[in-house]
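Sharing a structure, written as structure tokens. Questions coming.
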Amino acid sequence: ADKIKVGLITKFPVPFYSTMEDAAKKYAAAHPEVQLVTGQGQAATDIEGQIALIESMITQGVKGLAITPVDPTVAPTLDKAVAAGIKVVLVDNGIPDWKGQTALVSTNNLNGGKIAGEYLKTVLKSGDKIGILQGVPGVPALDDRVTGMMEGLGDVKVEVVGKGATNCTLELGTSVTEDILTANPDLKAIYAACGPPIPGAVKSISNAGIGNDKIILVGFDACCGEIEAIKSGAEDASVAQFPAKMGELGIDTVVKAIRGEPVEANVDTGAGLVTLQNVKDFE
Amino acid sequence: MPEAGNTGTSVGEAAVRAPKKQEAVPGLALGLALLSAGPVVILALLIVVLSFLSPYFLTGRNLSNILAQTAVISVVAMGQHLVILTRGIDLSVGSNVALASVVGALSFHAGAPAFLVIAVMVACGAAVGAINGLFYVFGRLPHPFIITLATLSIAKGLALQLADGRAIPGMPDAIDALGREAVWGLPGSVFVVAGVAAVLFAMAKTMVWGRWIYAVGGRPDAALRMGIPVSWVLVSVYVISGLCAGIGAVILAGRTDAGSPLFGNLLELDTIAAVIIGGASFLGGRGHLGHALIGAIMIGVIRNALNLLNVNVFFQLIVIGVVIVIAVESDVLRNYLEGRVRVMQAGRQS
Amino acid sequence: MPEAGNTGTSVGEAAVRAPKKQEAVPGLALGLALLSAGPVVILALLIVVLSFLSPYFLTGRNLSNILAQTAVISVVAMGQHLVILTRGIDLSVGSNVALASVVGALSFHAGAPAFLVIAVMVACGAAVGAINGLFYVFGRLPHPFIITLATLSIAKGLALQLADGRAIPGMPDAIDALGREAVWGLPGSVFVVAGVAAVLFAMAKTMVWGRWIYAVGGRPDAALRMGIPVSWVLVSVYVISGLCAGIGAVILAGRTDAGSPLFGNLLELDTIAAVIIGGASFLGGRGHLGHALIGAIMIGVIRNALNLLNVNVFFQLIVIGVVIVIAVESDVLRNYLEGRVRVMQAGRQS
Amino acid sequence: MSAVPAGVDHAATAAEYPVLAVRGATKRFGSVVALDDVSIEVRRGEILGLLGDNGAGKSTLTKCISGVHQLDAGAILLDGAPTQIRSPADARFAGIETVYQDLALFDNLTPGQNFFAGRELAGPQWLPRGMRFLQQRRMDAETRVLLANLKVTLPRLDAVVAMMSGGQRQAIAVARSTVFARKVVILDEPTAALGLRESRQVLNLVATLRDQGNAVILITHNMEHVVELADRAVVLRQGRKVGELVPTKDNKQELVSMIVGA
Amino acid sequence: MSAVPAGVDHAATAAEYPVLAVRGATKRFGSVVALDDVSIEVRRGEILGLLGDNGAGKSTLTKCISGVHQLDAGAILLDGAPTQIRSPADARFAGIETVYQDLALFDNLTPGQNFFAGRELAGPQWLPRGMRFLQQRRMDAETRVLLANLKVTLPRLDAVVAMMSGGQRQAIAVARSTVFARKVVILDEPTAALGLRESRQVLNLVATLRDQGNAVILITHNMEHVVELADRAVVLRQGRKVGELVPTKDNKQELVSMIVGA
């Protein structure tokens, strides 16, 4: 029997995408007729790496491609794939104004941010000071999480007193939190656009001698030590996306599309808020 | 000087018994010719090995892909090569590509026609290069590392600020054409690279300026004493490096139909590696433009093959490192063997 | 040699009329003392300016933070400094920190006691350094750029592979203590930095090995002819650079209570910048360990102030670039003025 | 070996005022006084010997004239007019050629490329200097003629200078200065590394430069050469000018005493 | 100036077999034959003049002896035993000191640091060499004595060598070789850049080295020096040994013809 060759391209090596890849591999293992080829870029900003990956997938003759696009710059290369008769499914985030995809399998990052914002709205009041640990400057998906959070806050007008790029790393999470705390002794909350900086923030807060309950810490991804932080009470909440679901549904959608079965144009994988109450479900 | 090896002996008295060409030992001569072909040999070996590893590697489509994928590194590496020839370094090339592409995209959206968009990108690249060169030379900085590190940071910040952190899709059709196939299944960008290479090669070989670059790199103080306008030569190489970054931005914009502040990530390391793999020296005055090009292609070939072989990223990083070492060590060995064979040949003939 | 300026004239006949110290003009002397204090002056100026811009800047807590934040750059920059003294470069330091931290975390989770975890991290760093040095020297590579670029890639890949791409939380308490306040409100890491600085400084100043480093950097071929074991001197600086990276990993692990393959991102550029801002030269043989430390602190101070002032991320990149240029240009100016004042002083005294 | 033209004849043919004059030259390096109120002059068709022990300031004086260093005090006059020489390019443009003591050769270039460095034969003339095209053939031809005239033996013309012997390097540096000599030629110990035959050739060359109407400043530690060639000799000691005389066989000992200060 | 000991007396005191002998030395650089079957020998207490025009192969021969280059063919015998000299460290260890034509000074170090480079006075002895502690005081003191003995005038002892005049640099390089001379000392044109007084001092030094029982190889283009000092002279031409004789005032012309090959 002819195998169905599909490709999965994820952005770069962080747990989020590793989980996605693992789920896709599990799917392929359960479906022997599916042959999975995977590829990953080197950094959150590795545009050229991703383009090269798409091109080699085309060369290798995949029939379908699930991809987490870095940003709109990969669209022309995806056009080539489409022109070669390859079904393209975007995963995790879409490409604005690009119509080539068969389907989009994602949680909207903007909506994820809103969930965090809505949570913060319940614990903050107008005029409260908040610090933001941004992700990698220039990565739209990460920026959306911040924008969404601000939208979620709605009419609670907080004052953003500190904003720093962490490149989603532990070490910068530590330093930036330290400096925000130094400049704003009366800080009420910290929001991080991705998971890795959170343990650093936790450490900085405790090093500064500030109690767990004095500062509200909200993260995104529910990964990388966040579950432990939530359980210990150091972190108050985190927005969880479901990368495994994205990986599985992403490949499933591609395979269906190749077989000519009907697929939904937008597959929502959902997002949820993790707090001390429901943390058990996310372990 | 492009003369035969033994013209020298016609001057004054014969100082040495020059080997006579016709006496050459055929076996040795062949080996020598192979060995002295330089980095090309290493590249060829690499290609042979890879074509056994992946059935897709030697397909026309893949070769065309490789050329397209290495177009940016190649163009920028040539500029970097000139900088390194003068004992310098240009760390700003990556950010410069990003800034130029953003400025180009903005000018396109402001209604500029294609030729103007291209001109704006190239000019923007050259302007950053000029800032590097002028500050380095007239700011009397001890080393270009600092100023190009500063513009690396500044250009990146500017690009992000101007583009508001996002890619700006949309480029004139003339630029997009560079990403599409043109002739013989090759993308337009390949011809741009070839054109830039031809022009730079001609300039370095036939123009006074080219000679000056080698002089400045060989011994800057002597160049000054000989009345060579060292300051301007230095500024010129940074401008050209910036210009090449601008051209790189055009190519990348064509390939992606967008300008983006994320372009050119780690391009400085890639291009410097290409130049050094190609055999230039950080001590200046030595190296060949064509070799930088081969170095760039070598890096592209390795990356491409790892993708084709479906190697996981973690492992890719390891393999790339190992292959770079192997490539350079092969070149060291090749050089050594070449020297030995030359002495053997001279020995047999005398 | 640490002698007074005019001892030389006691040898043979007096070749020049040496200035007599007691005649020194007080105003000039003061200015000269200030100017010749070097990079310290620039750092002091920077601090004065920043303390006006942010009320929090000069608080004890913030100064302690700055020291904690620059601990890693400082330690690693000192190793980098030794490498650059010998005309080399070590690009692998950042990945090396990541790999060492991961290996340390894994060994902790495998049940190793604190001292062993620390030993493992430092040894891992030194091992990568040894690979750099041995390949560079005995692989007869034309420049350390290539091999350290390769280990940059390989160590990163290994770290990712070993840690499966994630940070590994949990470090022994003895290591975590480095991140906590120890004495006088200062974190333990600051004392580690001071200790490393003291040891390296003493080694470079009082040991034969230190003298050899300057000789090798000053003129490698002459060093060889004088019977200095150039190969081993070169290997040693790469090992020490790796060792410093290992110590950096310990500090960072203590600060974050984890090991992570993403540690040390772009640390190579930061440390090289620190060394060059500190006044060392890529041409080797010139520079002072203490200055590299000051360069590192300068970078840390700038980053800290930008965070305190809540400067937007995009704009931060621009400001960092500009401030680096200003810092280095001030040093150029300082040097120039120092030279002028010296000549003036000599003129008045003769 | 060709006969050496007697130097003294030519002093008579010198122009009225000196083509190069240095007045009250002073130069300090930090606290070291390398030159202290030194004045010299040299006319067309004249060879001025510049003598002095090691560290006397000879090289410093020549470097100030050829634009490598700037004088702290004093003036340089060319054809009687005070001239600012701000850079080596200025000096070369003003017709001053220098053979430096450290040779200032480009190790990575061939002898021919060294000869023409900074003065490449190139065209067309209407282009800015750097953008002109190299006339490689002409340069190669001139290189060959030049080397043949100098009777310098080089192993190969297309090898870089790094591999040449000490004397070969020195010969190349001297040869380079002759290509563009127009007014003043300064030679800083040009025969220091040369063999007998090569020394002789360089001395002949110095005489030729003089005969072509150049003003020549010759620095040397070799008294024979001074007596043989120099029309006048200036002696420096510890940065000061301590004497000037017409060197002859008979006052050689006087010169030596002046130099060593005994 | 001290009296120069007459060289010839010492030939008699030389040991039975030569302390250094080179047999059939051949060395090629690419297609250039720098040495072709050259044999020389030199005894303790003897000065061997090594003569030849520029490019004759003199420096190449010395570099082969001092381990910078390796011979393509031929052997080096020390005290009669064939010895492999694989590196300059080997040579220095075997007691061979060299003053290179390009001086091999460290521009970034002071004169004292240059003297002791690679041979630092340091202790304690049980530590590996590189890890011993510098005995700075002792080195400073020895530096001062050394320079005083040589009567070399340096502007300041704590300035780096980069700033010294050509002759000062040469003097430093020669002085360095005397610190550790034990068996063989090779001097490649040691007086090339030196003034009268300094040349005299170096020549005296060469005589002293000889008197201390070293075998000395002296390369020079100065016939006076050869006649004055050398016990024997070997002449190279185009890489071949073309003659060997005891130089005297009377056969100077013969030597010159040998050198130039006429």
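Chains: A, B, C, D and E, in written order; residue numbering restarts at 1 for each.
Definition applied: a residue touches a chain if its C-beta (ideal position, glycine included) is under 8 Å from a C-beta of that chain, and two chains touch if they have at least 3 such contacts.
For clarity, every value in this text was computed on a predicted model and none was experimentally measured.
For the pair subunit A and subunit E, chains touching both partners: B, C.
Ranking C-E and A-C by contacting C-beta pairs places C-E first. Centroid distances built from C-alpha atoms place A farthest away from subunit E. Relative to the C-alpha centre of subunit C, the farthest chain centre belongs to D. Centroid to centroid, with C-alpha atoms defining each point, subunit B and subunit E lie 46 Å apart.
Chain geometry summary: the mean Cα position of subunit B and that of subunit D are 41 Å apart. Computed from the mean C-alpha positions, the centre of subunit A lies at a distance of 36 Å from the centre of subunit B.
In subunit B, 5, 15-16, 18, 160, 165, 313-314, 316-317 are the positions where the chain touches two or more neighbouring chains simultaneously.
Within subunit E, contacts with two or more other chains are made by residues 32, 55, 153-156. Counting partners per residue, subunit A has 13, 137 as the residues that reach two or more other chains.
Screening every pair of chains for touch gives A-B, A-C, B-C, B-D, B-E, C-D, C-E, D-E.
For subunit D in complex with subunit C, the touching residues are 28, 30-33, 55, 72, 238-239.
Within the complex formed with subunit E, the residues of subunit C that make contact are 1-13, 15-16, 18, 206-212, 214-215, 217-219, 221-229, 232-233, 236, 285-286. The touching residues of subunit D, counted against subunit E in their complex, run 29, 32, 52-56, 59, 101-102, 153-156, 163-168, 170-171, 189, 192-199, 221, 223, 256, 259-260.
Per the touch definition, subunit B reaches subunit E in the complex via residues 5, 15-19, 339, 342-343, 346-347, 350.
By the touch rule above, subunit A contacts subunit B in their complex via residues 12-13, 37-43, 45-49, 51-53, 55-56, 58-60, 70-77, 96-97, 137-140, 143.
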